[in-house]
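Per-chain numbering from 1; labels A, B, C and D assigned in written order.
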Amino acid sequence: MRPEAATLMLEVVGLECRRGDRRLFSGLGLTLEAGTLLHVRGRNGSGKTTLLRTLCGLFAPDAGEVRWRGESIRDLGDEYRRDLLYFGHLNGIKGELTGIENLAIAATLDGDRVATADIWTALERIGLAGFEDLPTRMLSQGQKKRVALARLMLSRAKLWVLDEPFTALDVDAVSLLQGLIAGHVAGGGLTVLTTHQEVPLTSGQVARLDLGS
Amino acid sequence: MARVFWCILIRDLTLAMRRRTDVLTTLFFFVIVVSLFPLGVGTERKILEILGPGVVWVAALLASMLALERLFAADYEDGTLEQMLLTAQPLSLLVLAKISAHWILTGLPLVLIAPLVGMQYHLTGTAIWVMMLALLLGTPILSLIGAIGAALTLGLRGGGILLSLLILPLYIPVLVYGAGAVEVSRIDLMDVQPYLMLLGAFFLIALILAPLASSAALRISLE
Amino acid sequence: MSLNWFKLASPASFYPVAGRLVPLFWILTVGLLLLGFYWGFFQTPDQLGGSNAQKEYYRIIFIHVPAAWMSMWLYMVIVGWAAIGLVFNTRLSFMMANAVAPTGAIFTFLALWTGAFWGRTSWGTYWDWDPRLTSELVLFFLYIGYIALHSAIDDTRRADRASGLLAIVGLVMVPVIYWSINCPDPTQCAALHQRSDLTRIDGNILFSMLIMTLGFWMYSFATSFMRLRGIILTREAESAWVRELLSQENPK
Amino acid sequence: MSDFFSQGGYAFFVWGAYGMVVVLLLIEILQLRSQRRTILARLGRLTRMPGTRTSDFGATE
């Protein structure tokens, strides 16, 4: 393990989040080290999505803070977002643009210079060969999701935050995604995800967090 | 920095080109409003000459207002806006790129069509030139200030009406000096300069402050 | 840790404090308004009636000016609380801003209404596009916008922050709007309102004006705190202290 | 007394202005009172209903 990778760590300290006037959770604390996957579980409305959005810095907690490499993510700002990849309920791809265009824009915004050939390869690997230059609105729900997931292959982010990544995917795509996550974690990355399915992970540590038990 | 700015700008222009009707509706709204006025107030040449500058500016205000609703809405619905908030780029830069694209699509056409509507109101050649210049300086301000309102009302029911309630009062300075410039140009062309300089100053201030306020508003709205 | 405690405890601990203050502010309001009314109507006949140039319609100014002052002051209060809320992420300060807004809107409307009656008697017109009148109208729109935006958003936190930001943007714009209305020609400014100079106003008139202003101010405190208590109760409905409070107030 | 009410011939304006102030402030006060009653009644119903405490659970690890 490289020395800089050892400092990769996500910490949550005394986190309290409210949605509207309702308290979702309070006093939440956890530490996630490099090469770990955190599986967040809980009923609907228990605050899984809010927790994930708080980890990304989209949602400001009512108390407590999230730390990355020992520093508060509020202070890190753009520096933290460089290490972060968030995958939410919405795919975040434009229906009028092709898969290639979508991924190229996403890469530019991440500050990466990705060769077009790599994007073609990524789309092919995720099972979209032949669909690369169609406007994504012509694709099926699952195919759109695959386009979005192709970002995982192109991104160099250390921390993946995935909200229900397995829904609307067929068996092949699920196993492909599992492979991607396993590879990311094995390579010293961190992953936080929510899913109703069990995630069999062959390598690396799997931590579990139950919300609103 | 510049690479990201161009990336978003070209992205938004490409998107608009693949959905062309959206651009044209704003333009035609502007033309229709301006054309309806003489039917309401009478077609007498003297009245139209006096009303012309004000009518054109009020119509421009309303047209840019209508278009604002869609500034962030599409990106909000498909989640791309959320992804923009999570990139390592300064959000205000991305917002500025989006506002620029929006202005090119909805503000610039108004400037270009101004001579046509100016003739409907019997404006002289110089007055039309002044009007184009004033619109060129003024319409970006409308887009910039309006972006704050668009970000605040993102995804709300009846957001369009609310947006006009919030933003139209803030458009008053642009309306006063934009219409004022055309007004005085009919008497003495030399008097126009302070008006245009004021509009220019407003534009620069809005250019600095509005993207910051809009990105703050976006972070609030996407929480 | 102490800050954390402060944040959470604030609405709970402020609720009873506000409750004790409300009657006090009502007493002050009634006393000051009665005093101001008495002084304005019965201690100023020398200046206002009879052969003097000042006419009795001048008495409108005892409510017009205080209402206008309060409308501006309360907007500043809203912006202040909103800014504190946005910077420190405190819930109580947003509640304060929300509690003040309707009272501010009412005073803005009253300033416009009494101004119209004042204008009809002194200028001969109910409405004129005078800079101050127009700015007051814009201020009224800003209040309405603030309240409308807040009530259009279901998520209270987003509503608080969004309308707070709007209030701040409005504050930045008001001087520019006022100036643009005041000087439609950038090279020269015109104004219908005479420049106000408090030292030139007769002492009795000034006294009743200031007393009325204080009365309106105390009134704003009283109504804002009443509204604030309502907001706290609604928003904290699920917390233990509200339940305890309710079971004490109406035992089964 | 009638001198007081006539306000030197400006009765309509003086009392029109003061009247609106009184009316609006009274409306605000009455509205606040009824609002408080509504809130208390609603909260009272909530407390009597068992099992409404949807919050107040901490997260476990």
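Please note the rule applied: contacts are C-beta pairs under 8 Å (C-beta built on N, C-alpha and C of every residue); 3 or more make two chains touch, one makes a residue touch a chain.
Because the structure is a prediction, the values reported are computed rather than measured.
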> Using C-alpha centroids, which chain lies at the maximum separation from chain B?
Replying inline: D
>> Of the pairs C-D and A-C, which shows more C-beta pairs in contact?
In response: C-D
>> Taking the mean of the C-alpha atoms as each chain's centre, how many Å separate chain C from chain D?
In response: 15
>> Averaging over Cα atoms per chain, report the distance between chain A and chain C in Å.
In response: 47
>> As a quick test, compute the distance in whole Å between the mean CA positions of chain B and chain C.
In response: 33
> For chain B and chain D, what's the span in angstrom between their mean Cα positions?
Replying inline: 41
> Do you know which chain A residues sit against two or more other chains?
Replying inline: 22-23, 60
> Among the residues of chain D, which are close enough to touch at least two other chains?
Replying inline: 54-56
> Which residues of chain B are in contact with two or more other chains?
Replying inline: 223
> Any idea which chain A residues touch chain C in the complex?
Replying inline: 14, 18-23, 60, 62-63
>> Please output the residues of chain A touching chain B within their complex, sorted ascending.
In response: 53, 56-60, 78-79, 81-82, 84, 86, 88-97, 101, 105-106, 108-111, 135
> Which part of chain D faces chain C closely enough to touch in the complex?
Replying inline: 4, 7-10, 13-14, 16-18, 20-21, 24-25, 28-29, 32, 35-36, 39-40, 43-44, 46-48, 52-56
>> Which stretch or stretches of chain B touch chain C in the complex?
In response: 148, 152-153, 156-159, 162, 165-166, 168-170, 172-173, 176-177, 180, 184, 191, 194-195, 198, 202, 209, 213, 216-217, 220-221, 223
> Where on chain B does chain A make contact in their complex?
Replying inline: 3-4, 7-8, 11, 14-15, 18-19, 75, 77-80, 82-90, 94, 219, 222-223
